[in-house]
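This is the structure I want to talk about, given as C-alpha cells.
Naming follows writing order (A, B, C, D and E), and every chain is counted from residue 1.
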C-alpha cells in the first residue's frame, strides 16, 4: 500500500487508490488511530479531488513532508551536534542565540537560524578561472543525489514514499552519484590542490563503497527481497516473546551492522575519516573554492547523507519501524523509526567527539585489508545461518556458537594482523 | 671530574701548538673557563668529546659576548729629581691606551654519559671589524647548528665549516648585528605611544606636523 | 509514443552527440555519463526497475569514475586532439565502420519479435525470479559482463601508465640524503 | 580619532616590521594560511613546496615550516623563525637584575614559575646568595605544578593535531585552569607570576593555599587515569604516532636535545638527578625512559613524568618546613653582584632552561643569555620529518612541544 | 583485540557527557558576564595611588621620590615632583602618569615603594577604543582612597595600616622624647641664650617612612587569619610571622 506511486510513470491506472480504501479493514497489528494518523490526515486532504489529481497531490504531499522533515532534522542536527560536542567537553555548547532582538535564549535553538542567515549573507566567491557551470552544479548534484535516497525509506508502518521492488538497490544507486558530484567540485574549482584533494576524497569514497554494498547483501539474502518494506516485514515477530527478530541480534547481522556503520562514517566524511577538511589536507580539500551558501549546501548534503545512511541502517538491521517489545506496539511505528534514527545519529556525533583522524594510507588499507574481507566472510556466515535455520533445540546453540566463531575468528585474526606493529608499550625507569 | 688545569695540561701535551689559557671566574659560582686559540679549536673540541675520561658529548649552550674596545687609562707615577736639588717631585702621567675589543663565543659542555658538570671553553675573534671568523663546532656537536647561526645573526661572528650559516632570528635583508654593544637602533624602530626623555627627543624627529601633536597634552613640559 | 519516451530519447541521444563534438575532454566525459543516465531512464520508463538501478549503480557510480580517472591520469597534451591532416582516408574508414554497425543493428531490430502494443500493465517481474533467471539460464552472460568491466579497468590503467617516464616497474630513485647545503 | 602619527609612521615604506624572505613568491594565499607553489626539481619531477605558517592552525604560535613535498612524502623541511623575536637578551642587558624577572615570564609563557626559578638560580649562583629552606620547597612545589600543567597541555595539543575535535584539549585545559587558579591566588597573576626573587620568593603560601594544592595533587592521578583511558590505548592514535618521527639516541645527544624528548630516545639525563639543585635530592622519584624515541614515546614519557611529579608533590607537601621565605640579607633594590659569570640551569618541562649571566659589577648584567630548550630541540625537526607526510610533520612538531616566546626570544 | 582502546575512549566521553549534567566539576564554564568568578585577594591588575583621608590629591601618600619610576622595567611611570612658590620641592607629585598600555602589571613598583603609596588594583574591565589618551592614567585617575584599598586587599591593607600606625606612633614617641630632651636642655641652659625653637614634630599626615630597609615581605598580605598579627619587626622572625597568601576561593580545586 503506498502513499504515492512514483515508479509507474505511465499514466495507467495505479492501484494505490483502491488499496488505500481497503487499509482500515486490514487487521494489521497495532492499527490504533494514532498509528494511522498520517494516512488519515492525507486522506482528509485529498479525498475531494478527482482521481488523476489526487495522485499528483499525494505525491506532492509526500515530497513536502519528507523534504520539510529532513530540513528541520538537518537544522536540529547541527545544533544537537554542537551541544553534545560541548557537553562532552564539559562546556554548555551554544546557548546564546534565541529569538532575535529578545532576551529569550531558548537553549540555543536560535543557533541554526543564525547559522542559516550567516551562510546566506556570506559572499559567494567563484574563482575567475573556475568552470562556472560545473562549479554551480556540483553542490546541487550532491544535494540532489542525497535527497533522492530518501524516496525508499520506510518511515512508518505504511509510510514509505515509494514502494519499489528493488528499493535497496535504488538507494545505493542514488548514493553512488555523490562521487560524481565530489569529482565535479574538485575539477570545477580549477585549483590543482583542490583537485588533488578531491581525488583523495574519491579514493576514500570508492574504497568504502565496496564494504558498504557487501555488508547489506546478507540482509537481502536472509530477507529474500530487495524492497525496504519487505526487509522490515522479514524482521517481524518476537522469539520467546521478548527477543525481536531484528537482524542486528544475529551474529552475522551484528557484524554486518558494524561494517555498515563504519563504511557509512567514511561515506559521509565523518569523524575518523573526515579527511577533506583536515588541515593536513594542504588546504581545505575540494571545498576550497566554495563559500557562502554553496558551502552550506555541501554541509547540508553531508548531513542528509548521514541521515539517509543511518535510516537505511535502521531499516536493514534494527527492524525499521518495529517496536522492540510486543506491548510497546501502542507507540506508533514512525516514532520508533525516529527514535532509532536519533540513536544512530547520536552515535555518529559521539564518535566524532572522541576519535582522532586516520591518515589516507591507513584509511584505505583499513578498508581493503579489513572491511572487505570481513564483509565477504560475513556473507559466508549468513549463508551458513540461512542453511541451518531449521535446526532446533540444542542444535540451535551449536548454530549460534558456530556463527559466532565464524564472525569473531576472522575479526581477531585480521585485527591482530592489521595492528601488528601498534601496541601499548611498557616503559623502564632509570 | 678533572680540574680545568689537568684538562689544559693534557690538551697541551696532545696539541703542543694550541694556545690554551685558563680564565679565572671571580664570582662564587667558580665556573672557570678555558680560552682556546682559533687554529686547533675543532680538533680540541673533538678530543674533548671523544676522550674516555671526559666524554663531553653534550654542548648545552653557545653564547656570543661582545667586548668592545676599551680605553684604559694608565697612571704611571714617576719621580723626577728636582734640578734645583729640592725634594723629588711626583708626576702622574696618564697614558690612554685603547685595548682592542673582540667578539667571544662561549661553549658550555657537559657529559651526558658520565653526568659531569660544565667545562666552559671560549674562543675569541681577532677584532670586531674584519677578523671575525671562528671555526664552527657544529660538525662536532650538532646542537651548535641553530645557536651558532644565532650568534652569527646577532653578533656577526662568521663560523666557517657551519653547514647552513644564515640569519635565523632576523629577516635576511636586515643590516647590522643588534646584540653588539655599539649597535644603534634605527630611531623609528619602535616609537613609544607616550614618549618622554630621550625617546621623546628621538621621536620628535619623526613628527610630520608641527610640534608634537601626538604627544599627549599631559606631557607638555 | 508517449511524451516521456520522446523526452528521454532526446536527452540520451542529444548528450551523446554533444559529447562527441566538445573539445573539453572532461565535459564530454560528463555528457557521456549523462547519456548513460538517460539509458537508465529508458529502463525505468519500460518498468524494469532492477535493471535501471543496476545501470545507475554500475555505470553512473563506478564506470564513470574509471573513465574520469583515466581521462585525468592520462594528461594528454592538447595537440593530439586535432583531427589528422589526411582526412580522406579517415572519412572512408569512418563511413565503413558506421555503415557496418548500422546494418547489424537494423537487422537485429527488424528481426526481433517485439510486442506491438505496449500491454496494459507491464508484467511485474519480482527480483527473486530475476535472480533465479540470472543465475540459472543467463549465468554465461553475467560472466561476460564481468569480463567486460575488467577489460575497461585494465584499459584505464594502461592508458594512464603510458605517459610516465620510467616504466612503473623501476622504483623512483631513492630520496637523496638531505644534503646540508640546502639552497 | 586624531590622525596620530603612528598611522602615518607605520604607513611609511621603511617600516621596521620586515617582510617574509623574498624567494618565496606569494602564490594564492589559501585559507589555513598555506602558500603553495610548485617547484621543479631535477631528479624528482615536479615537487610541491608548501609553506605552513606563520599563522597556521597546527603550528604552535608564529612558527613557519617550508616543506618540499614529492607527492605525499616530505623531501625537505626548512623551519623559519623570528616572527616573535624582540631581542629579549638585549632588554635584559638594559634592565636591572630585578627588572628582568618579570620578562622571564614571557619566555616560555606556559611555564612562568620554572623560568623565574631558572633565572633566580643563575643570579643566586652568580652572587652566592643563600636561600631559606621553605622557599626551596615552595620552588619545588611550584615547578612540579608547572610540569603537570605543561605536560597536560602538550597531550591536549598533540591530540588536537591528530584531529580529535578538541575533546582531549578541553579536558587538559580544565585541569590546567585549576593549577592556574592556584598560581593566581599565590602570585597574583595566572601566567605572568613574577614570583621568585634572588634569595627567596615574594609571597608565602597560606595554609589554605597549601590545602587546595594538596587536594589538586591528590585528584590528579584520577584525572590522568581517565585521560589515559581516552588516549593511550586508542588504536587510531597508536597508528598515527607509533613509528612516526623516530629520533636515534646519538642524534639526540649530539643535537643537544634535552627534556622528555631526550628521555624518550632512551638517554637517562634528568637535570633534577644530575645537578641535584634545590632540594630535589631529598625526594625519591623515578625518571621514565623510552626505547623507540618516536612520537608515541614522547607522549607517554610526559604522562609518566606527570605521575612522578605528583609523587614529588606529595613528598614536598609532607616535608614542607615553616620559616622565613626571604633571606634577610637579600637586597631588592640596588642589587649589584660582584664581577664574574655564572651559568645556572634547571630541568624545565620542555628541557634544560638555563641562564648565563656575566656581571661587570653594575646594576645591569653585562651579558644576559637564555638557553632556550624548545629552540634547540627544533634542530632535529627536519631529520625526523623526512620521509613522512605533511599530516605526520604536524604531529612531530606537536610532539617536540615548542613555545614561540622561548624559541624566538 | 582491535577496537578495545576505541571503546574505552567512548566510555570516557560518555562519562563526561553524562557527568556534565549533574557533576559541577564536569561543567566548568562560568558564563561571563552574567556569572563571574570570585577574584582571589592577591589578584593584581594595574597600579593605583593610595590616599589617606578624604582629599584625593593632597592626601596622597606618594612623595614623588621616583624610586618606582627608576625600578619600573618597561619604564611606564612618569613623575614630575611639585615645587611650592619658592621653588623648594614639596613632597607631592605634580604629574604622576602611568601608561597602562605599556605597564605589564608586574607590581615591582609596589614592592620597591618605601611609602606604600602605590598598590595593585583589581579592576580588569578597562578596554578602551583609543590607544593613547584614555590608556594614559593621570594622577587624578590613579588616586583611590585607602578604604578602597581595604576593600580589595583586606589582609594586605590591614597589615600596611598597622605598620604605618606603628611607624607613626614611634615617630611621635621619638619627637616627644626629642622635645623633652630639648626642653630639659633648654631648662639647664635657660640662663644661656634662648634655644632655637625645637623643630615642630613632623605633620602627622605624611611621616617619612622609617629609613630602615623594609624587608620585602612586610608589604605582603597577611594570612586571612582574623586577628591582625603584630607586624614582624625585621629582627624578630616568628615562625608564622610571614605574610601568607590568604585563603583563596579556588573554584573546583
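Just so we're on the same page, a residue touches a chain if its C-beta (ideal position, glycine included) is under 8 Å from a C-beta of that chain, and two chains touch if they have at least 3 such contacts.
Note that the coordinates shown come from a computational prediction; the quantities given were computed from them, not determined experimentally.
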*Smallest number of touch links from chain A to reach chain E?*
1
_Separation of chain B from chain A in steps, with touching chains one step apart_ = 2
*From the Cα centroids, identify the chain that ends up most central relative to all protein Cα atoms.*
D
*Once you count every C-beta pair in contact for both, which comes out on top, A-D or D-E?*
D-E
*Averaging only over C-alpha atoms, locate the centres of chain C and chain D and give their separation in whole Å.*
60
*Let me have the rounded angstrom distance from the C-alpha centre of chain B over to the C-alpha centre of chain D, please.*
27
*Using CA atom averages as chain centres, what separation in Å is found between chain C and chain E?*
84
*Hey, how far is the Cα centre of chain B from the one of chain E, in Å?*
41
*Can you tell me which residues of chain C touch two or more of the remaining chains?*
182
*Interface hub residues of chain B, defined as touching at least two other chains*: 193, 214
*Enumerate the residues of chain E that touch no fewer than two other chains.*
2-3, 5-6, 9, 12-13, 16, 28, 131-132
*Going by the contact rule at the top, pick out the chain E residues touching chain D in the complex.*
2-6, 8-9, 11-13, 15-16, 28, 40-44, 67, 71-73, 104-108, 111-112, 120, 129-132, 213, 215-217, 220-221, 223-224, 234, 237, 239-240, 242-248, 250-253
_For the chain C and chain A complex, residues of the former touching the latter_ = 2, 4, 26, 30, 33, 44-45, 47, 49-50, 53-54, 56-57, 60-62, 64-65, 68-69, 72, 120-121, 124, 126-128
*In their complex, what parts of chain E are in touch with chain A?*
1-3, 5-6, 9-10, 12-14, 16-17, 19-21, 26-29, 31
_Contact footprint of chain C on chain A as seen in their complex_ = 7-10, 12, 134, 164-166, 169-170, 172-174, 176-177, 179-180, 183-184, 187, 195, 199, 202, 206, 209, 224-227
*Parts of chain B lying in touch with chain D, wherever the complex brings them together*: 25-29, 31, 57-61, 63, 65, 106, 108, 112, 115, 117-118, 120, 141-147, 154, 167-174, 178-179, 186, 188-191, 193, 206-209, 213-214
